[in-house]
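Comments concern the structure below.
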Amino acid sequence: MIKKQLLGVLIAAAVAAPALAADQSVEVLHWWTSGGEAAALNVLKGNLEKEGIKWNDMPVAGGGGEAAMTAVRARVTAGNPPTAVQMLGFDIQDWAKQGVLADLNAVAAREGWDKSVPAALQRFSKYNGKWIAAPVNVHSTNWVWANKAVLDKVGIKNPPASFDEFIADGEAVQKAGFIAIAHGGQPWQEATVFDSIVLTTGGIDFYKKALVDLDPKALGSPTMEKVFHRMGQIRKLVDKDFSGRDWNVASGMVISGKAAFQIMGDWAKGEFINAKKVPGKDFLCFRFPGTQGMVSFNSDQFAMFKVGADKVAAQDKLASAILDPGFQSAFNVVKGSVPARTDVPDTAFDACGKKGIKDLAEASKAGTLVGSMAHGHAEPASIKNAFYDVITRHFNGQIDDRKAVQEMVAAGSN
Amino acid sequence: MRAGWLPKLLLSPSVILVLVCVYGYIMFTVYLSFTASTMMPAYEWSGTASYQRLFRLANWNVSVGNLAVFATLYILVTLVLGLLFAILIDQQIQAEGLFRSIFLYPMAISFIVTGTAWKWLLDPGIGLEHTMRQIGWESFSFGWIKQADMAIYCVVIAAVWQTTGFVMALFLAGLRGIDGEQISAARVDGARPWQIYQRIIIPQLGPVFVSAFVILAHMAIKSYDLIIALTNGGPGRATWLPSVFMYQYSFTRNEMSVGAASAVLMLAAIGVVVLPYLVNEMRKVKHG
Amino acid sequence: MADTRDKGLVAGRIFLYLVLIFLALLFLLPMYVMLANSFKPLEEIRNGQLMALPIDWTTAPWRSAWSTAQIGVQATGLRPYFINSFLLVIPAVAISTMFGALNGYILTQFQFRGANLLFALMLFSVFIPFQIVLIPMAKTLGTLGLAGTVKGLVLVNSVYGIGFTTLFFRNYYAAFPVELIRSARMDGARFFAVLFRILLPSSSPIIIVTVIWQFTNIWNEFLFGASFSDFSSFPLTVALNNLVSSSTGVKEYNVHFAGAFIAAIPTLIVYVASGKYFVRGLMAGSVKG
């Protein structure tokens, strides 16, 4: 049996080799391997196959793409890059700087990407005026997820509108014997909370100055110290076992009614939906208190690598298929994110999704759409991780507010 | 016998491969550590900047400190437990094969997943502490993995669990290879069992200790999956090891030259630790 | 007097077994957690009773991990990747073991200048962290035209196995009775005759140790597998990692645990089935030196 299969594989490989030269295939390296993510990507694969393009799948999961990025390095070094690689934010720009990404301007011009993709996203999809990546979705990270039954029991009628109300509500929840905030103690999760607190404390301009422009005055300001003070307030509302907890376990605590709130990006919705919870009835989703009208985002994109001339046609078709409005809708309904184009109808989305699309369009117009630092959309990996170091050490009580502010300035000046 | 051309020829592929793929690449890494490489290798010389940066980084100092704690405890505990297990198994017990398999199986399973099981077990909210309290031991407390100053010991526990069986097998082999006559003679003289172990058997296990030490040291230095799966370096950055540091800076943080510098220092440290062993191994065959 | 001594012995035996059973249970605990949860529906895990036995037993996670779980965009389960792993592991183990035997033979039975230094160089190679060879190795494989191929992976895994295999065989052959080889030589046996007719036939213990060691290491190796393979050749560990680590998706722990066991079956079999020979092999020389 195995022998037969083996033979089959060998024959398939032998047959496939010349087929590769015939260029109608794309190899896609990504880390979307869990049920919902992969199912969403399968839509793309199906669309391409309808056009006669073979999808060669190269998934490398782990650490939010860390393992995948290592694999890409090896592949590029070996001169054997995949056609397209799933990437986040500054990673795309860093690869573009290496001069290994393809030029998609022809497709982009033909299909009018400049008009349909928000400028905040283009910041990452373009390098020196050239399109180098095709954005798939926009995740928004400044959400709070709440268990409605717990809030009812405690007597919280409306979602908190300001940070102080949030803390007051949290304390009330704690008094009633629940965990106020379900939090997972991993650096990126702490940074996700941090992003929201920077937004609510300093507003959009401060966020941009401190986390995007790395202005040492902003990073070392009393506002920043207040941000860390507030991180400490959040810390008090978290249970003692938070450290190392996966985000989805934290979601589980809200779902099961052990905890009232979770501060997490919109992918958390998948956990609630999978547990058969209904938005609005069993759980609530609202913007982090005090960040209404602002959206911090991260966007999954497929960076296109320079490939042999024979493969360019297939690569262009892949890029075009990714930006196809029908695909963008189908994919994001499944994934829990919102489309990377602002002209995709929201009819297929649920209540939280519709709100997400509306928020994105409005924020994009009002200039309150900012890249999430926690998710690599404000700073390159080296600085992002240096910020992580400070935030996570502060949250774990290893440094105090003042020292944290000093270290933020140092981390930003690297 | 003096070697003619044939043995030398047949040895050469291995030698060439090792020279290129180990020492060549080490030289490459050494060179990288003196450049300003970020995401991919860059070749302009930039002096010792990356070493200076390395020494300023809190993460590096934490990693080195952790390695000292981790390696010492891990190697010591595993050696002691491995020997103890081997002695227990060596008492002509029933179902030896079963016990041996139970102690050995952790080596067979990838830590990518056993890490999750350990994470749960050690998590006070759902694992051991929770269970013990549920069955009535209210004051039972075991929350090390959540405490920055204790979490590294949890890593030691999981690492010990993974390799004790292997070290046990090494010692078991050593025990079984010892000449029985000396032991019987001692027994006739009225020596108690533990005296026999202390005076006759354990002193003869010297070479096993050395082999086990080398294998454990190499595992301690390379431990990476373990940390990632168990604590991912947390709480905070409390359980980073140099291997984690190297990977993070080389591939995740796009500071390849700093990663290379850490690798060079690690290799130097390894060299110092294993050099006596290498010299000893080199000498061995001369009188063989 | 004899009576109390017997009683003492019996008590000692009972104590010995109690200790062993306690330790065995302790060692089985993580396995228990994995197994128990691999037979639970996901809701039961979500409800938080991780240490309890399943209430509602199900084999669905196992079936899913084997044949329907999402590894990439295709829902293939782990099944297809076994072939990739075997295609990689079998030649890599065979080659590195062969080189180990050859090197061990040459390094112990022949004298030439620098032999010990060469051995030390090979031995030191077991200590290098694999992360540092990633980039230069990728370059090398690219130059050789082996990037993304099973051949390339076989080469990489063989190269970094030579240190250990040479160590094992060298120590084994160093303890080999010199007279046997000497008399064979007097009979005019040539280089290969000595290796194939005298050394290898009595090397089964050390071959077993080497094969177990190499098989386990290469089977569980992830970094090379993820970096030096492509869509057509990635091994089981990469697939397993794809199964268990997702960033923003729902984590199906029951399927993860089942998958971990499925992926570990070959190594578990190797350890359990040949555990006895493993100890014998270790006895036979590799540790005595």
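A, B and C label the chains in the order they appear, each numbered from 1.
Going forward, a residue touches a chain if its C-beta (ideal position, glycine included) is under 8 Å from a C-beta of that chain, and two chains touch if they have at least 3 such contacts.
Just so we're clear, the structure is a prediction, and the values are computed from it rather than from any experiment.
Trainee: Looking at CA centres, what chain is most distant from subunit C?
Mentor: Using the mean of the C-alpha atoms as each chain's centre, the farthest one from subunit C is A.
Trainee: So using the touch definition from the top, which pair is joined by more C-beta contacts, A-C or A-B?
Mentor: Output for the comparison: A-C.
Trainee: For subunit B and subunit C, let me know how many angstrom lie between their CA-based centres, rounded off.
Mentor: Those two chain centres are 16 Å apart.
Trainee: For subunit A versus subunit B, what separation do you get between their C-alpha means, in angstrom?
Mentor: 36
Trainee: Indicate the residues of subunit C shared as contacts by at least two other chains.
Mentor: If we look for residues of subunit C contacting two or more partner chains, we find 48, 134-135, 137, 241, 244-245.
Trainee: Can you list the subunit B residues in contact with two or more other chains?
Mentor: Subunit B, residues with two or more chain partners: 40, 247, 251.
Trainee: When you check subunit A against every other chain, which residues touch at least two of them?
Mentor: Expected reply: 63, 70, 73, 77.
Trainee: For the complex, give me every residue of subunit C touching subunit B.
Mentor: The contact residues of subunit C facing subunit B are 16-17, 19-20, 23-24, 27-31, 33-34, 48, 50-51, 99, 102-103, 106-112, 115-137, 140, 159-160, 162-163, 166-167, 170-171, 174-175, 185, 191, 216, 220, 222, 237, 240-241, 244-245, 253, 256-257, 259-261, 263-264, 267-268, 270-272, 275-276, 278-284, 286-289.
Trainee: Name, in rising order, each residue of subunit C that touches subunit A in their complex.
Mentor: Against subunit A, the touching part of subunit C is residues 43, 46-48, 70-75, 83, 86-87, 134-135, 137-139, 141-142, 147-148, 223, 226-228, 230-232, 234, 238, 241-252.
Trainee: Under the stated contact criterion, what part of subunit A meets subunit C in this complex?
Mentor: Listed in rising order, the residues of subunit A that touch subunit C are 2, 5-6, 9, 13, 16, 27, 30-39, 41-42, 44-45, 55-65, 67, 70-71, 73-75, 77-80, 82, 139, 246, 248, 252, 255-256, 265, 267, 270-271, 274-275, 336.
Trainee: Tell me, which parts of subunit A touch subunit B in their complex?
Mentor: On the subunit A side, the touching residues are 63, 66, 69-70, 73, 76-77, 94-95, 97-98, 185-187, 239-245, 380-382, 385, 389, 392-393, 395-398.
Trainee: Which residues of subunit B touch subunit C in their complex?
Mentor: These residues of subunit B touch subunit C: 1-3, 6-8, 10-11, 13-15, 17-26, 28-29, 40-41, 85, 88-89, 91, 93, 97, 99-110, 112-114, 116-118, 120-121, 126-127, 130-131, 161, 165, 169-170, 172-174, 176-177, 207-208, 210-212, 217-218, 221-222, 224-225, 243, 246-247, 250-251, 259-260, 263, 266-267, 270-271, 274, 278-279, 281-286, 288.
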